[in-house]
Each structure stands twice: as C-alpha cells, then as structure tokens.
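Okay, so here's the structure we're looking at.
Chain naming follows the written order as A, B and C, and within any one chain the residues start at number 1.
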C-alpha cells in the first residue's frame, strides 16, 4: 500500500464480488448524553449516510453541532443512543480494527515521551508490525509527510503544523482503510493549512484510504472532498449532500478560482448561517 | 453518598471491626494492640481530663511561633531575592549550603544552643518551614509576568505600591502553596523535636506513653495527632477561602476537571 | 556573559565572610567555642573521623537503611498508585482510609514501631517505608488520574487493549508526576532514617550527631551534620541525573525542589 503511485480517478474500483458496496454506512444514528447538570442533550439527531471505498468526504456544520461526537461515535469510542454504524459489513461495537480517528487536539494525542520516529512506529506497532522492516516503513512515512530530518525530535520541539503531520504519519502507519479526521487543520495558521491540505490530498491519492473529514471551513471542505454533507445545528442531521465536481488533482489557485467553487461555497454558507441564527 | 465513597467508609469500619475482634479474641497481644474501643475510651478520657488538649496547646504554641517566624522572615526575603538579582546572588550560596540539611539533623544544634526549652523547638520549626516558604515565594516572584509588571509601571505606580498592590497579590497563590507545604512539615518537626528533646507536648506524650507501656494511651495520642493534622488542614483551607476567594475557586475548578 | 561574570562573586563573598566571621569569633572568644567551634576544627574533625572510621561506619548504616526503605517504598507506592489511579473503584475502597491516615504526621508511627518491632534496622526501615509511601502514592495517583482523555482515546482508536493502554500510554504519561513524588520521597526517607536513629540511638548518622552533641563535642557534631548534608545533596544530584535521562522528553522542567 505504501509507496504506490496511481493516476487519480476519484473513486477506486469496487471489488466485483464483495458482499457490500459501501465501506462505511451510518444508519439512523443518534447520540444523546447526560450533561453536567443532569439533563440529556441530543448531540446527533438522525444521521444516515453511505461512504464508498476511497472517497474523500467532508462534514461541514456550525460549531457545536456535534461533529466531534459524530466522528467519535463512528470511530467506536462512543456508543450510539440509537442506530448503528457499519464498517465493511460489520456493526461497530468498540473501535473497529481498520479505522483510525485523528483527534482535533493533536498535541494532546501525540505521545510526548516518544520522538517523532517513536510516535510513527507506534502506529506500526499497533497493527502488530514489529519487524525489522518497520523502521524503514516509519522513515518512509516521515518523509512522505515532509518531516525528514526530524525523526529524533520530540513533539514539544515542533510547530503546530509539524505536530499535526506527525499525527497524520502515525495514523497512516496503521494503514487504516478508513481515516477519520476531526478538524485537523483548525488551529493552524492559514498558510500552513493550505500546505497541509495539499499534502493530505497527495497522501490520499497515493494510499487510496477512505477519508472522513470534519471542518468548519467551507472552502477547505469544497477543495478537498468528493462529496460534502452539510450538518444542521444540534441535534444534527444531514441538511444536504453535495457532489463536488472539480477534477483532480486540485489546485489552490485554479480550483478555487472556478466560478462554481464560489457558488457552492455561498450555497453552503447560506444554508449553515440560516440554521445558526436563532 | 456515592457508591464509591460508601465502599471506602465500609472498608474503614470493616478494618476497625476486624481489629476489634482480633484484639478482643486476644489473637494478638492486647497489651501491644489494644482494641479500638479501649483506645477511643482512653482518648475521650484524656480529652475530658484536659490532658490531651493541654499537650496539644503546648505543641501548637511552639509550632505556631516557629511557623509564623518562618513566614515573616522568608516571605519578604523571597520577594527581595526575586526582585533584586544582587540580593539573590548574595544569598543563594548560603541558602544552597543549608538547604540539603535534613531538618531533624538540626535538632542537636538547637539543643546545643537552646537546651530543652521552647526556643529549641521554635528554632527547629523555623529552620524546617523556611525552605518551602522561601523557595515558593521566590518562584512566584521570579515567574511574575513582565507584562503585568510593565502595566503597573506604565500607570506610574511607585515601587512600594507595586510590591503591595501588584506583586504580592499576583504571587499570593504561590506563597500560599509554600505555606501549605510547610504546614505538615511544621507538625512533623514539632513531633520529632519533642520526641528527641522535651518534657511535654503531644509528641513527647506519645513517646512517653510508649516508654511507660501505656499502650492505649499511645494510640490515643496518635489519634489526637491525626485529628490535629486534619483540623489544621481544614483551618488552612478555610483561611485560604476567606482571604483568597478568587484563587480558591480557580483551584477547585482545576481539581474537578 | 563571560565566565568571570557568570561566577557568583557576591554569593561566595557573603559565604566566605560568614565563615571568616565564624572562625574569628570562635578563636577570639573561648566561651563561644562550644557553640561555634572554629571552622578549621570542624574540618579537622571531619577528616579525622573519615580516616579513623566511626563516621564512615555510621554513614554506611544510614545509607543502607535509607536505600532499603526508599526503594521498597517506591516499588510499593508506584504500583499501588498506578492501580489506584487507574481503577477508580479500587481507589474508592481505600480512599477514606487514606484520607484519615494522611493528616497524621508519619513520625508518630515511631513509638508504635518500637513497640512492635523493637529497636533495630527492621524498625527503622519500616517507619521509613511508611512515611515515604505517602508522597509517592499521592503523586502517582494524581498523575495517573490526570491523564488527558485524548491520550486514552488515541490508544483505543489504534486498537490497543486495556492493559496495553495502561502500560504503554498511561504510565509514561504519568511519569513526570511519579518522578515528583519520588523526589519528595527522597528527602522524606532521609528525614525518617535520621530521626529514628536519633530517637533509638545506637548506630547511624542521626545517632552520631546527637551523641556528639550530648558529649559536647560540637566540632564532631557539625562535622556529622555537614556529612549528612553532603549525603543529601549527592542523593539529590544522583536523582536529578537519573530523572533527566529518563524524562529526556520533557522540556522546561521547573526544578520544583520546594519541599
């Protein structure tokens, strides 16, 4: 899987005899939890969707709409209140083995006591790879995310953008079939964000992982994705599904300059802001 | 009461119950491990007769004076050391020389100078409590945000006013930490100094009871010490809540989080 | 700042002056010599005691008791702390008992220990263990409990088992807290050993210092104190070195030596 370069259709071919078409399916998912005061809050109202292998999907929605809860539930870290999540035909009950969640607060998720290399190797160790070749794989990944030369550094020595890359490399080392990303670029400065968007797209093209991406940045979602699901305010439901028509590889200048780009952006923006106002 | 806490209380009562039964059944020598019922009875007798309160008062007088002295000397010293690099450098060598001395070891010196009286204990407690108070105060002052200081200066405040109205309040949490850390140290050292060289005080009382084989009395004294320690902590927290309400609330939030 | 400026002139000057003052007043006023024996005499006593032996054997005894007490206590306290910190239910069972025992100054255990164990090495080591367990235990529990949930979730999303998460993530993440507890425990252990030696009195540095005071050999007493201080300092240095190696990944370690 690593190191393969392919020309880039935006859907990978679907196995002919697979018993399931979608790699991930969410069926009537809802999630409520008890707040500190004691009342039940509904974070997710009713969400159903299907994701096909190799797709890049984004969820966009107003802040506080339960996006993180949604991702945590899909990742099996939270149990749904009702409905189900099905990954590769199996219902999710606890973290599924071929899926990894990349947390929003990456600095809290990286292991401070391991170097960059150590963190990436953790991803390999987690899938049981302690072989001699593991070190090389780790090195390749570190180079892929553009951190060559920083292998022996510790997370605190790196900038936010670099830390996020380490987290991504660690997740990819696990070779997940589905990668969930919770606002990964949210706390980075604008230029770093653009850089990482492109790096991510390159990695995705190489590795053909399915990616579910959460962001509050509408333009980022349009730029990156094949499809977008627009979420309502909580309790969240899918207000709209949009297909993104732009060809790949995308370009920060050309794609964003396209007239349709702005049109999509405005459409989504209006939909969200109409929701947000009381 | 939550289930967890209930389990905890249950465990304590369970353990005490087992102790009671074991002692009463004389599986262990009751002269060495008397049943809790006997200990409690003697404890209340001694409290009623005024013996324990008297000893505690004696100890607390010494401890209090030593503690107060340590605070009165070390807080200003810490502030000055924190503010002036010269003062800091002048003092730091001597301080670093004295610091590694474990406090009990200073007792013979105190005995040499002061004999068996109250002054000896006061000196020992002063010496022991000085370090946490001094170092924490110093730490607080040195970590003073320069933004805060510059804000004060740009308002044209005089040096003295800056110390009283900006530095002290800002460092007060750290100073309080030093005072809090010194509290158990104070208690420990007053007990030690009384065990080594004294004829009264609660520490002496416990050791003396053991020497006279008044075992239940010894345990009662230990219990009194536990109650004393607990009360001091509560008192300290209360004072902190009254004098530094903003910090208290901030700390509470951190603990719950 | 060149090295000349970096050297702490005022500090050593003050120190030197104080020593000089001590020496002169001791020599000048015979009456003061009991309380302030000439510094030269103290060092003489130190050298002599080192050479002819009693101080060294006392030192060996104290060191042995210290090591036994500290290491055993560290082992017990860290293990218990990890268990208590991680398994809330187990912690709750013992929490009330801990809350009751904590306020009692640990030295109060000495008379009981004498009663139960007599006056010997086992008694001293036992009280040392008892006292040293507290700071290590409390700090370990604290460290384990304050692990960020994100770290645990990270372990879960990577498919780690419960036990793997505990050993590979929780314990390393709690390490700074544990180390703080171990550092505090270091001074506590030394305090307990020397105290017990003073109270029981037959061997050890604590006993030596007290004994010399009783015999009015103040020079020897001071020599003993310096010895203990140096021991404490060295132990601390060793600890800091080990800590720096083990926690190499931790930046900006504030030396929180205030204890």
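Heads up, the rule we're going with is that contacts are C-beta pairs under 8 Å (C-beta built on N, C-alpha and C of every residue); 3 or more make two chains touch, one makes a residue touch a chain.
A quick note: this is a predicted structure, and the numbers were derived from the prediction, not measured.
If you take chain B and chain C together, no chain is in touch with both. Chain centres computed from CA atoms place B at the largest separation from chain A.
Centres computed as Cα averages put chain B at a distance of 18 Å from chain C. With centres defined as mean CA coordinates, chain B is found 53 Å away from chain A. With centres set at the average Cα position, the gap from chain A to chain C is 49 Å.
Of all residues in chain C, only 8-15, 18, 34-35, 88-89, 91-97, 100-112, 114-116, 187, 190-191, 194-195, 198-199, 205-206, 209-210, 212-213, 218, 221-222, 224-225, 228-230, 232-233, 236, 254, 256-259 touch chain B in the complex they form. By the touch criterion given at the top, residues 148, 150-151, 153-154, 156-160, 168-169, 172-173, 175, 247, 249-251 of chain C touch chain A in their complex. If you check the complex, the residues on chain A that touch chain C are 72, 75-77, 95, 97, 99-101, 103, 105, 108-109, 111-115, 122-123, 126-127, 154, 156-157, 174. Note for the complex: chain B touches chain C at residues 3-5, 7-9, 11-12, 15, 32, 86, 89-94, 97-109, 111-113, 131-132, 135-136, 139, 178, 181, 184, 187-188, 191-192, 195-196, 203, 206-207, 209-210, 215, 218-219, 221-222, 225-230, 232-233.
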